[in-house]
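When the chains are written out, they are named A, B, C and D in that same order, and each has its own residue count from 1.
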């Protein structure tokens, strides 16, 4: 069996990151992207609790209780890191200095509207920093399954859930495909080698612009 | 001859300062107050360019070009000092954490309106930090001559010059008297031993409430 | 070492707790408990003051942070950005036992800062065309629509710092800074639980993050959270 | 020592000067020249770019600071809080050769910060019922009347720092901090004249005042003002 699908999505997302970029990763799959940054690229990971230059997890037993990421998991700091308060942390976000944010999604619309903060029927967890990040980051990349647990498409003409931010998504990476949000609409750029263009179209509740040939992603 | 009148005004102003107070001093006579703080009182002087805990002038030859007051004159920093940026400097002012500001005045009205930023006929220098300080400091003390160079009263029913801030002055210290601005009006609290209550009334173009006996200030 | 307490700001924990009262608005600093004062949170639970309005960036963790005060039914209203890590908070909210006001995290930080630095509000486009805009004034500046977000202030703020001198100059530690400097500014009475209290002059003026002007009470709590990862 | 320039931010002064152009909005950091870059100010005079809109806390001193650029008739508009120390600036203003917009100093700082942190404006009651309110929207919050003050941004900011690493993390020196961290945030291109340029990792993350995210270009100018008191 090849690479797990979650890893594939994270790896594909990591390919969007350039040297010197300032990047914020959401919890879960987005955080896996950190492992796929190629050698030689220096990337500054921003954690909204107050660090630019978040590094890998410390060795067991070497955790510092006052050095954690936004999920309160112990981290390290890379050379060139800086600490700041919450206002200055979101100054980096709001001023547009954050190059990339990678986060999960519940729904994305044709226009790049994002809904990812209220799970229907569940307890409302609050938006945390998601609204700020989605609205103000230069490039918002959403990693999500193409359909929900019942098989309903999550990419739709209009979001039915309350929005996190309108018109903010640049790129959607699903377990099936890579779709870019452009002025002309949603463009199917790539598919994973486990699916077909037809399947992706079928499972998408919005128009997809298909520019042949669609690249097929095969990760070992 | 006794103490110069400028020194007397500065000394009287200094008597308003309590231990632990945070104080901003305007240029000129107000700055002389620093010399009259009694031993044993620890006062934190705020300079709006970015220091709390401004100390005396350094010895000649020991100046640090990057440690100056708001007049760009070299200073020192006392133990317990801190440096900050301009936004945080005015945070101290605007949040009401500044206990006392002592500044010069052109006119003060019966209601404590202050005019001190536009000199008639002269080049407009700009308000600098005066509006923030006058509006937001807990206790605004104005040191000024009782009349202008032509002998016209500077304490008036209404200011004729553009205001720095309305209804902000707590205490006026002139070369003749100490007048407190209260809800009931201007109260003549003290006179210097060089004048009389009559002279003060005559040179004031607003009603003065006189509560006998008016204290007479005699400095050696 | 005996620290000279020349401004009377250094107090015992029980002296500090006299300022925490029923019905007040309380800011609890920290992020998921990191930067929160374990001792002061525990003392507030022990004192069992009621009807609090709490402002905190999150409800903490089930193990640490403000959630314990909420669980203890001392809070009537919570102004926050996230409660997802603490099931009790959400449960109380859904049962109607706790009012929760959500602000986006950056907006919440700026609202607290605005309260602290004496501004009447700030304009942000974060939240425009979402549920967040409900009930808020919309203002147009330079062709963009912004929400007017109002300042937040509290009667008391409790926060953790790495180091405090006798004037209240504060130094934080790494990501235990968070909202702490902002809340120190935004409360009538700011109570700092300092890991270390040092004499005036022991902190380099360049290292001060919160000037002593913003600090009213300094205690040494000494309490330590037990973290989930421990 | 050769510093690794892994982000390409370290440039020569003449490379940096390519970003300074006719008609642009320029923030000049410093307070009476303290915290200003002597080298970059002199280079702007040498390049003789015209029609600048300059934003600076004051016009400097007759000896140092932005006043020299103003004297050289390169500025069409100045947004500032104080020009009292520089007779030329006032003279040009009175002759109609220079437009001057005055903001109270604390308001000016917050306007630049608002531009830097991506806010649409701030509300302050400083200046209410004075000339400063002219032309501004008045907004009522909680029974108090505030002025809506709009954010300021610039095409280029020039500033002095004590130390910069190759990513642009900055450390300032004492009162040479001032508006510098705010202007670094508020410009499309921020140019830092660092007294010392150090490798990544040479600055403790706690000591960083301006994170490198806000710095685009780092030069070592080396110029020194001659101060009035010298």
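Here, a contact is a pair of C-beta atoms (placed from the backbone, for glycine too) under 8 Å apart; a residue touches a chain by one contact, two chains touch by 3 or more.
What you are looking at is a predicted structure, and each value in this text was computed from that prediction instead of being measured.
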| item | value |
| --- | --- |
| Any chain that touches chain C and chain A | D |
| Steps needed, at fewest, to go from chain A to chain D via touching chains | 1 |
| Between B-C and B-D, the pair joined by more C-beta contacts | B-D |
| Reference interface A-C: repeating pair among A-D, B-D or B-C with over half of contacts shared | B-D |
| Reference chain D; chain at largest CA-centroid distance | A |
| Where chain B and chain D are represented by their mean Cα positions, the distance between them in whole Å | 29 |
| Gap in Å, rounded to a whole number, between the CA centres of chain C and chain B | 35 |
| Between chain A and chain B, centroid-to-centroid distance (C-alpha), Å | 56 |
| Centroid spacing, where centroids are CA-atom means, of chain C and chain D in whole angstrom | 32 |
| Residues of chain C touching at least two other chains | 110, 117-119, 124-125, 174, 205-206 |
| Per-residue overlap in chain A, given as positions that touch at least 2 other chains | 51, 77, 83-84, 87, 90, 93-94, 136 |
| Pairwise touch network: line, ring, star, complete, or other | other |
| Listing of all chain pairs that touch each other, if any do | A-C, A-D, B-C, B-D, C-D |
| Interfacial residue positions of chain C with respect to chain D in the complex | 110, 114, 117-125, 137, 139, 141-142, 144, 146, 148, 150-151, 174, 205-207 |
| Contact set on chain C toward chain A in their complex | 31-35, 57-58, 61, 80-85, 87, 90-91, 93-94, 100, 102, 104-110, 112-113, 124-132, 162, 172-182, 209, 225, 227-230 |
| Chain D contact footprint on chain A (complex, rising order) | 19-20, 22, 42, 44, 46, 51-53, 77, 79-84, 87-88, 90-98, 136 |
| For the chain C and chain B complex, residues of the former touching the latter | 6-8, 116-119, 165-167, 169, 185, 200-201, 205-206, 208, 211-214 |
| Touching residues (chain side chain A, partner chain C) in the complex | 47-51, 63-74, 77, 83-87, 89-90, 93-94, 123-132, 135-136, 162-166 |
